[in-house]
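Right, I'll just put the structure down here and ask away after.
Chain nomenclature is as follows: A, B, C and D, assigned in order of appearance, with residue numbering initiated at 1 for each chain independently.
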Amino acid sequence: MTVIASGKGEFLPPDPDGFRAYVRDHKERRLVNKVITAQEAVSRYVSDGDYVAYDQNIAVRGPASLFREIIRQRKRDLWLAAKFTWTDVSLLVAGGCVSRVDVGWMESGPVINRAVKEGRLKLIEWSNGALAYRLLAGSLGVPYLPMRYLGGTDTFEQSGAKLTEDPYTGRRVCLVPALYPDVALVHVHQCDVHGNARVFGAGVSPLEMAMCSKKVIISTEEIIEPEEIRRQPQRTTIPYYFVDAVVHAPFGSYPGSTPGLYGADLEHWLEFAAAQVQNKTDEYLEKWVHSMASHEEMLEKRVGEQKLAMMRQSETVREGYYE
Amino acid sequence: MSEPAVGKAEGTLSFTDIEATICHIAHIIEEDKLYFVQMAGAPLFALLLAKRLRAPGVGYVVEEGAVAPNPIFPLPRMMLGASRSHYRAVAWTSMNMVDAHAALGFMDYGLLAALQIDQFGNFNSTFIGGTYDHPERRFGGPGGANEIASQCWRTLIMTKQQKRKFVHKLDFMSSPGYLDGTPGARERVGLPSGTGPYRVITEDAMFGFDDETRQMRLIGLAPWATLEGVLAEMEFEPLIADKLERMKAPSEEELNIIRAEIDPGGFSTSRGKWMTVDAATGLRAG
Amino acid sequence: MTVIASGKGEFLPPDPDGFRAYVRDHKERRLVNKVITAQEAVSRYVSDGDYVAYDQNIAVRGPASLFREIIRQRKRDLWLAAKFTWTDVSLLVAGGCVSRVDVGWMESGPVINRAVKEGRLKLIEWSNGALAYRLLAGSLGVPYLPMRYLGGTDTFEQSGAKLTEDPYTGRRVCLVPALYPDVALVHVHQCDVHGNARVFGAGVSPLEMAMCSKKVIISTEEIIEPEEIRRQPQRTTIPYYFVDAVVHAPFGSYPGSTPGLYGADLEHWLEFAAAQVQNKTDEYLEKWVHSMASHEEMLEKRVGEQKLAMMRQSETVREGYYE
Amino acid sequence: MSEPAVGKAEGTLSFTDIEATICHIAHIIEEDKLYFVQMAGAPLFALLLAKRLRAPGVGYVVEEGAVAPNPIFPLPRMMLGASRSHYRAVAWTSMNMVDAHAALGFMDYGLLAALQIDQFGNFNSTFIGGTYDHPERRFGGPGGANEIASQCWRTLIMTKQQKRKFVHKLDFMSSPGYLDGTPGARERVGLPSGTGPYRVITEDAMFGFDDETRQMRLIGLAPWATLEGVLAEMEFEPLIADKLERMKAPSEEELNIIRAEIDPGGFSTSRGKWMTVDAATGLRAG
């Protein structure tokens, strides 16, 4: 079971026993009310230097209101897992919050290019699947998982994967280190006050991520009764004991869509895209984040009820989500 | 802005290079196979065009876990993971789940796009120019391409017929083709055996790979394309099939479906190089 | 990444590439009608010598009608994965169908004890979790998975597990070989003709098993419309392309219960228990299996509508399953 | 057949050894912890008794994937995985899922039963007598005990106070206690650090383990039990705590709940050795 080759990428060292000890000492086992504000949640559970993972992206069901709160609180030196993302990484980099990114896929425009060139941003190579799989490894409580890709490429060289001989078949197989993020951010359709959360529709890895992250913040479109959760146990995506904070955030994925509830605000993206090209992301951030005390204020003063109504109208599909 | 499918001159069709490639791919989609399609964009448009026109039952999965959906046309402009593109799937799962379907050999074809490709079908979607630590231009990364190109039985790769795309040496090998082309090269680095790139599709041409040497081989030309023209837009010289297939030109119906239903507004497909051909012959009329 | 110790138990060798080749050559990708009789399904998809896995057990949502069909067709030399089972293993051993059992847990009464003593039955040690985890490994298409148990015990010694050094942490971790069964039997609540199957309620590993088994037979309480599957994609447990045969089998888990539909027939178990103790399982099998041409005939002639009605009545819970 | 909780003689209680053990365990269940309970049977009955009487909010998972259910009492006789025992769970998942919850350190206590146990808390549920290949009596196997005893922080093990249960040497070590008792023994074979057996509970006594030597230590006695009586029913001699706790006797209320609601018909609990004690003192009245 020799290690034949190892990528040279930096990676968060997997420490299953360290994670277990954290869980033993810090995670609440009781059914308690975990509802707090976004401000409190980010202040309490996101620290400078943390490794932050989140589910989906700023286009669909991403935890966008939490991204903006992180920027508002000027968190620094975060390490992001950018699997299946979009302009969300650029947004957080523009906000000055990020020093390292594990790359699966991200929109890579002027903000990222500038930060990389200036040495403010270090990128490490994986792939969407490899990052999701590292979270699966974390969710199983093991140090690594074997898999059948990455090998042979420059991506492998710039990652933390290893090529080994499988002791069962004698054939070669890659290993990737389990990922145990410090923080997970997951935006969901419904959640009770205890943190039992429901995601409707296909997704990337909300459950795996919630299981293996030390601190888990759920933002939710809707808070539902615990009895409602217990009436349909099969609809629960994330059980309560993985969750630290529940933030009530209608339109929490704005400007992205939440399937079954509202469509995306395309104009907003064009505004961000223009700000990137014109090197005016500071103005964009001032307008959408720093001048606003909260997500609610931003919705009221910057988005407005008319646009929110249009976003609701533009989502015509409820089937499969709410029916 | 998209131009009308029927061009300025009577009896001509105008379309972009991306639209042409989408149509070429749509022509080779097989209804009785399963596809793993990378993210939204041109690869997915190609599959949806085939599904919409002649292979309604074709099954495909997308990275974020929708299995065999029947999307609602017209699709929204930001379709990634949106409700209309996952509509009436047989299952809504997760990324690890569909990646496992591919790992188990259920995905016949992977379908994706590349920035740069070499003669063994290895490809780049990470950066162009400079070095890894100091890239001239950084791109989004492999996304799901590495797992798709490694684990599906056959990979279909779309790119543009440009010299900077078909290169001697990649700036970065994001995802694997036949690696150095030697027998067993993929197996030696842990990839499933019997897999690899199958077709490379551009607006002008279609390529396969030699079973022995694993070198790229030109096998088809668009009606408007010439052998010399294609070779002029490649850094390396591919093998050339004894008999080159003459590919079909996009039809007016196909172009209308792309523009009105699959990519309304031309968000992705109109941003290319335009060409105009004679609708009857497919020869360039520009 | 040295192998420090290896169990000496025989195991089905994991062969991910061999499984892939089988899938490429034999699995139907199209949406075709897969409904056939139990007789056809077992005749076509269960061969002497096959490794057979199944979900749940004869007490709850087990594929009991398929067990009986296997016995009726006098299949021989099967190797069973007995995780979280009950008298089902005894039943199949009494039927003369089984030569090897991978043990997690099984009812171990006179039938098993006699077969072991007479050398007709070879047992190999795992645990419920280890067998489910081997199926998870299979479902990921990899040759093995690392895990945090089995080590240090006699169970490890009699299994196919290995103790290795993890190349990431330097600490020790066990590995278990992936399981790629020849046949999976899964009894479900609802399935369409294409094989899209829904299991309601908690379960052991129906999906993992269906993914990594070469031949998959679904028996279902109800056949529903494909459009119904597509209206609620999140309720699908097993997508169609993993499935080879769909058998319509109301009361298919008799004498066990199917949660949400019917309770168990306790009297039937007492009859089997008595047959075991009195060494009369041949008479039991003649009455319940061999003298009956099919599951339907058994329900009609041996169980009777009155008992079936009582079983339906005894299930008072529909919440969470059908509501 | 179950006997009435209030015995033949006025002011006495009759119960089986299993019922006594169930009550002893129920007394030490903590409402703010999570439990992983093996299959149906006496371990689950103990947790349900505590949940029914004084710890309604206690969370537990079972092997087949129900998370924190609120069962409907009375339970059906074959309760394994049945709808009434999974009722109003917060989630219905799978075996791999709850095993992962334990692997991640979320399960404070594992709760299970053993056929045989040794001085380091290793235990057997596989066979008794003979050899592995030629056992005298084969049992069901470890079931979920191995993963529970390996991965939960603390393991609670129930067995009977019989010499053949507390043995010098196990016929087969199905699941791990502290192995050979040396420091780091569990870690050396890949088990998570800081885990191990915490209490062994019988009808007559409760045992813990020494932090250093990992040897079993007698820490409590049932009202009707004596030190000599307990030691006489053990092959090995345990350490003995300086101060032995006097455990509570089962109450009439507890016994009624076990018999009427948790195990109606006494399917599991009535199949033991009966004893009769004075309801006030807990001293044997037989």
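Criterion: a residue touches a chain if its C-beta (ideal position, glycine included) is under 8 Å from a C-beta of that chain, and two chains touch if they have at least 3 such contacts.
Just so we're clear, the structure is a prediction, and the values are computed from it rather than from any experiment.
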{"item": "Between A-D and C-D, the pair joined by more C-beta contacts", "value": "C-D"}
{"item": "Chain A and chain B, separation of their C-alpha mean positions in angstrom", "value": "29"}
{"item": "Centroid spacing, where centroids are CA-atom means, of chain B and chain D in whole angstrom", "value": "60"}
{"item": "Whole-Å separation of chain centres (CA-atom averages), chain A against chain D", "value": "41"}
{"item": "Residues of chain B engaged with two or more neighbouring chains", "value": "66, 86, 88-89, 92-93, 103, 151, 192"}
{"item": "Chain A, residues touching no fewer than two other chains", "value": "16-17, 140-142, 147-148, 171, 173, 201-202, 231, 233-234, 319-320"}
{"item": "Arrangement of touching chains [line / ring / star / complete / other]", "value": "other"}
{"item": "All touching chain pairs, where touch follows the definition stated at the start", "value": "A-B, A-C, A-D, B-C, C-D"}
{"item": "For the chain A and chain B complex, residues of the former touching the latter", "value": "56-57, 59-61, 82-84, 86, 103-108, 112-113, 116-117, 123, 125, 127-130, 132-133, 135-136, 147-156, 158, 163, 171-174, 201-208, 256-257, 259-260, 263-264, 266, 269, 314-317, 319-321"}
{"item": "Complex interface listing, chain D residues touching chain A", "value": "31-34, 57, 59, 66-70, 86, 88-92, 100-106, 108, 151, 153, 192-194"}
{"item": "Footprint of chain D on chain A - complex, ascending", "value": "16-17, 19-24, 27, 29-31, 139-142, 194, 196, 211-212, 229-231, 233-234, 236, 239-242"}
{"item": "Chain A residues within the chain C interface of the complex", "value": "1-3, 13-17, 140-148, 162, 164, 166-169, 171, 173, 175, 177-178, 200-202, 231-235, 319-320, 323"}
{"item": "Residues on chain B engaged by chain A in the complex (per definition of touch)", "value": "39, 62-66, 72, 76-78, 80-84, 86-89, 92-96, 99, 103, 122, 126, 132, 134-135, 137-147, 150-151, 170, 172-176, 179, 185-192"}
